[in-house]
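So, here come the structures, one by one.
First chain A sits with chain B, and in the next complex the same chain sits with chain C.
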Partner chain A sequence: MKRLRKMRTILGASLCLLLVVASGQNPAFAHKAKHTPEQLKAFEQAFLEQVKVGDLLFHGDGDTQKRLDVTLSNTGMACAMCHPFASDTHPYTFPKFQEQVSKFATLRDMINWCIEKAAEGEKIEDDSEAMKALETYIYWSTRGSKLEPGTH
Partner chain B sequence: MDRVLRQPGEHPDRTMELTRRMFLHKSLLAGAAAGVASAGWFPWLNTLDLAFGAEAFKFVWVSDSHLYPKTLNTRFVDKVTRAMKEVQAMSPPADFLIYGGDLAQLGDPVELDLGAEILKEVTIKKVFIPGEHDWYLDMGMKWEKLFGNSSWTFDHKGVRFIGLDTVSRGPDYWTAKKMTPKERMGHMATLDGSVAGSWAGVGRDQLLWLSTTLSNWPKNRPVVIFSHNPLYEYYPPWNFWVRDWREVHEVLKPFTNVTNIHGHTHQVLYNEIGKMRSIGMLATSWTWPYAPEGVPTLTKCKVRVDPGDPFDGVGWSKLTVSAAEKLENDYVMWRKDILGETPWDSGCADNANQILSPRLADREWPYYGAYK
Partner chain C sequence: MSRRHFLRLASSLAALGYTIQEVGRLADAFASELPGSNDPSASTCRDQSYLPSLRVPPVTRNGAHVPIVAEMRHPMEPDHYIKSLQILNESDPIPSKGIFYFSPANGRAYLSVQARMHSGASAVRVIAECTRHGRWTTSQPITIPEGGGGCATAAEGGDNVLMDDAIRPPVIRIPELVERGKIRQGEIIHVQVKLKHPSRTGLALQGSAFVQTADPFYLKEMKVLYGDRLVSRYEMTPAISDSPFMTFTLRVMEESTVRIVVTNSRGQQFETSHKIVLA
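Right, the complex of A and B next:
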């Protein structure tokens, strides 16, 4: 009886594996592979590249805005003029109810609010490279702060 | 650091009182409905013993207007213009106006000329000290042509006033890097930039001048020093401080009644070190958040600011030497209560959970160049 149950389990697992292979899906074994030091370095490099792009955007660099086809300000103002080192952006408190937009907001909502209202720039797409870079810089510059979503 | 220097028994003259009074500000703008639409609250006065037998008089402080050319941006123009109209409408008029630096944003002659033109609205005596934004495009040439020497002194009704230049003695960080004047100015205009290093300073020559200037002044008579940067250590990563501030204090140590009035920080600040007290003034342009560390413990922080309202958190200061020989500082902020009543309303409460990192972009040559 015990032997029969064991055989059924093996048969079931084999069948599942057969179905996954037959459907052409990757069985997601990649996560099981250990990261090499080279991979970790590459991941960090990819992150820091975004930090640098976000830093330049945040500090009003014209060339970077042109390359990414965004206009973050029409007044000569830059994010860093009100938020040196990304201070007072408080990314660790999002999502939260944000008074200025009168809704439950994400950090991306607030970035766009600042672009449109405070800097008089043009709103950027949520999934744009510029948004991801700005978000990356803000998170990087305030890393170490305690995560407290929902607070002010 | 100021805790180290604030030794027991060393403090400014205790005749100074910090009071919290509430009174309605009647708009100084001609034609405005008094005390209604444009009214604000001035809830805080710094009251301090200033003069011996001084006559009553007023003076005003305006600074940090950061003007861009009008073609780019008029939001800062509007605010300093409003300040000038209000100063000009004062009755009786103030004895003089001190403009505390950073009239321009990028030292552009167009910006400096624009500022000089707006300031013409005020016809009382005007004195000027420079800010770094005024200076580093042409190393002060245009500014000095318009406004004269960057440091000076005069006596007025029993008080010795001194204008100190804290911006022009920055170490040469640009020559070796072959930076253009615009690049040099751009980096000075970035509060959180690190390329320029610790640029704010008084310098040996000016320290000597300060010492000589005060040598004939009685030690117990009031001295008011105007400086763009605060004369104490406050958050070096943003260059709020003056790097040789300890030497400045050494020169001022024998004097018992010294007040430093400074701009640059765009914040309500109050500090005491030794016998000297410092008051930080509002900008007319925009407000900066309080630094994550180093806000003087004696500061009663201003309220959190609404960044969508260009008139919030900014303004100028009206200082009155009363017949009772007190000097009262009114922060003329154009919106809301000026001080946070509860932690969640205070700009300092925003500091509580901030751990901030200096920029990466400044450290890598190919990436430096923001504000081109």
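Right, the complex of A and C next:
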């Protein structure tokens, strides 16, 4: 009898949890809900704002570098001078073992490698606004690129 | 503070104020006596401030991509303007990095490009030509460490080596539009041309001498049209870097289309255009 009562309690509790999950009332499951068009628009706007900053940095804009307190080059080089259209950056292939630097590298590692070695600038913080903007611009520019493992 | 000290301090401050005012007045009077100081187009090119300015890195590790900015503070009026800027490094196997021809529609004599240079200590030179007063030149020293030279680029395996993605036609980028999203009439804007195109000198370094081992393959000419008018022309050489990112200026006078036509050494043409819409 006691065992039956225990079983009933467990079953009831599970049912309640299932109902809560299904109705989406629990805030812990809020991210499972579909985004509204307004939310999606706001997300896209935030993304494109980063693309714009990244675009300016990628093409060597001095004012943006000053504002973000970064020196991407000391010679006048800009990322776009070797990577027009962000070509040959292959962001989707990272992280991977990068022969050039003889280590397992992320895209951010490679951005800093280019800043220091090719552009002769000063390495930027991994979580800085400039790094996020550059990364966003590179991903945005190469959207839809065909990924061919082993050829990059 | 004693009364005497106070009076001495007050009189010193008054005298200082008067002196600053007088110096300002004299400077204004002196400036207005300089030829053409109120009318830049009436100025003479003999003025030292009209010397072309050249920006190159004093030291760089990568001789295959040396960024160069040449510009000149000079009138760009129909009867008096800078006709051309030529960039050279006389100690390179290919000294000329090209000649950019301007017209008054450019609004400013400005060119930014990247070129190939050999290692060692040398000088980059810019020669500017004015329609009235002839040529001026400025040079800047540059040092590229041994092994960093960028002139030896023999083609890899003949004419049909280009991968599918080795060439991408030009695209016009206007930084003023990226930054603020609009252009005003009369404004001088920067026009940037980005494209993906290899540039091979066909030279190989054998010992200390350069030997031509393959045909050069490079961008030969860029024409800039604004509406129907030819505004600028850039005659390039194999000493231009791969995929050069070129910037020049344009005075926006009307809503019209800017068209760029690029031709390579094999006669292939690539074209792009951008409609200028005024704010």
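Here, the second predicted complex is superposed on the first by the 115 of 152 C-alpha atoms of A that agree within 3 Å, B and C clash if a C-alpha of one lies under 4 Å from a C-alpha of the other, contacts with A are read in each partner's own complex, and residues count from 1 in each chain.
By our rule, contacts are C-beta pairs under 8 Å (C-beta built on N, C-alpha and C of every residue); 3 or more make two chains touch, one makes a residue touch a chain.
Remember, predicted model here, so these are calculated numbers, not experimental data.
A.B. asks: Let's test your reading of the overlay: on chain A, do chain B and chain C clash or fit side by side?
C.D. replies: With chain A aligned, chain B runs into chain C, so clash.
A.B. asks: Based on the superposed arrangement, let me know which partner A:C114 touches: chain B (first), chain C (second), both, or neither?
C.D. replies: It touches chain B, and chain C stays clear.
A.B. asks: Name the contact category of A:H90: first (chain B only), second (chain C only), both, or neither.
C.D. replies: first
A.B. asks: Which of the two partners, first being chain B and second being chain C, lies in contact with A:G144: first, second, both, or neither?
C.D. replies: The first partner, chain B, only.
A.B. asks: Is A:L48 touching anything from chain B or chain C once the two structures are fitted on A? First, second, both or neither.
C.D. replies: Touch partner of A:L48: chain B, not chain C.
A.B. asks: Figure out whether A:L56 sits in contact with chain B (first) or chain C (second), or with both, or with neither.
C.D. replies: In the superposition, A:L56 contacts both chain B and chain C.
A.B. asks: Counting only touches as set out at the top, which of chain B and chain C does A:T75 meet: first, second, both, neither?
C.D. replies: both
A.B. asks: On chain A, which partner touches more residues: chain B or chain C?
C.D. replies: B
A.B. asks: From the options 9-17, 81-89 or 207-215, pick the one stretch of chain B whose C-alpha atoms clash with chain C.
C.D. replies: 81-89
A.B. asks: Same chain A residues contacting chain B and chain C, which ones?
C.D. replies: In chain A, positions 52, 55-56, 59, 61, 63, 75-78, 80-82, 84-85, 87, 117-118 sit in both the chain B and chain C interfaces.
A.B. asks: Within the complex, which stretch of chain B touches chain A?
C.D. replies: Chain B residues touching chain A: 68, 72-73, 75, 105, 190-192, 237-238, 286-289, 291-292, 306-308, 344, 350, 353-361, 364, 367, 369-372.
A.B. asks: Can you tell me which positions in chain A touch chain B when the two form their complex?
C.D. replies: Contacts found on chain A: 48, 51-52, 55-56, 59-63, 75-78, 80-88, 90, 92, 100, 113-114, 117-118, 140-146, 148, 152.
A.B. asks: Residues of chain C touching chain A in their complex?
C.D. replies: 55-57, 60-62, 65-69, 114, 165, 168, 171, 173, 175, 178-179, 192, 194-196, 241-245
A.B. asks: Inside the complex, what are the residues of chain A that reach chain C?
C.D. replies: Spelled out, the residues of chain A in touch with chain C are 52, 55-56, 59, 61, 63, 74-78, 80-82, 84-85, 87, 117-118, 120.
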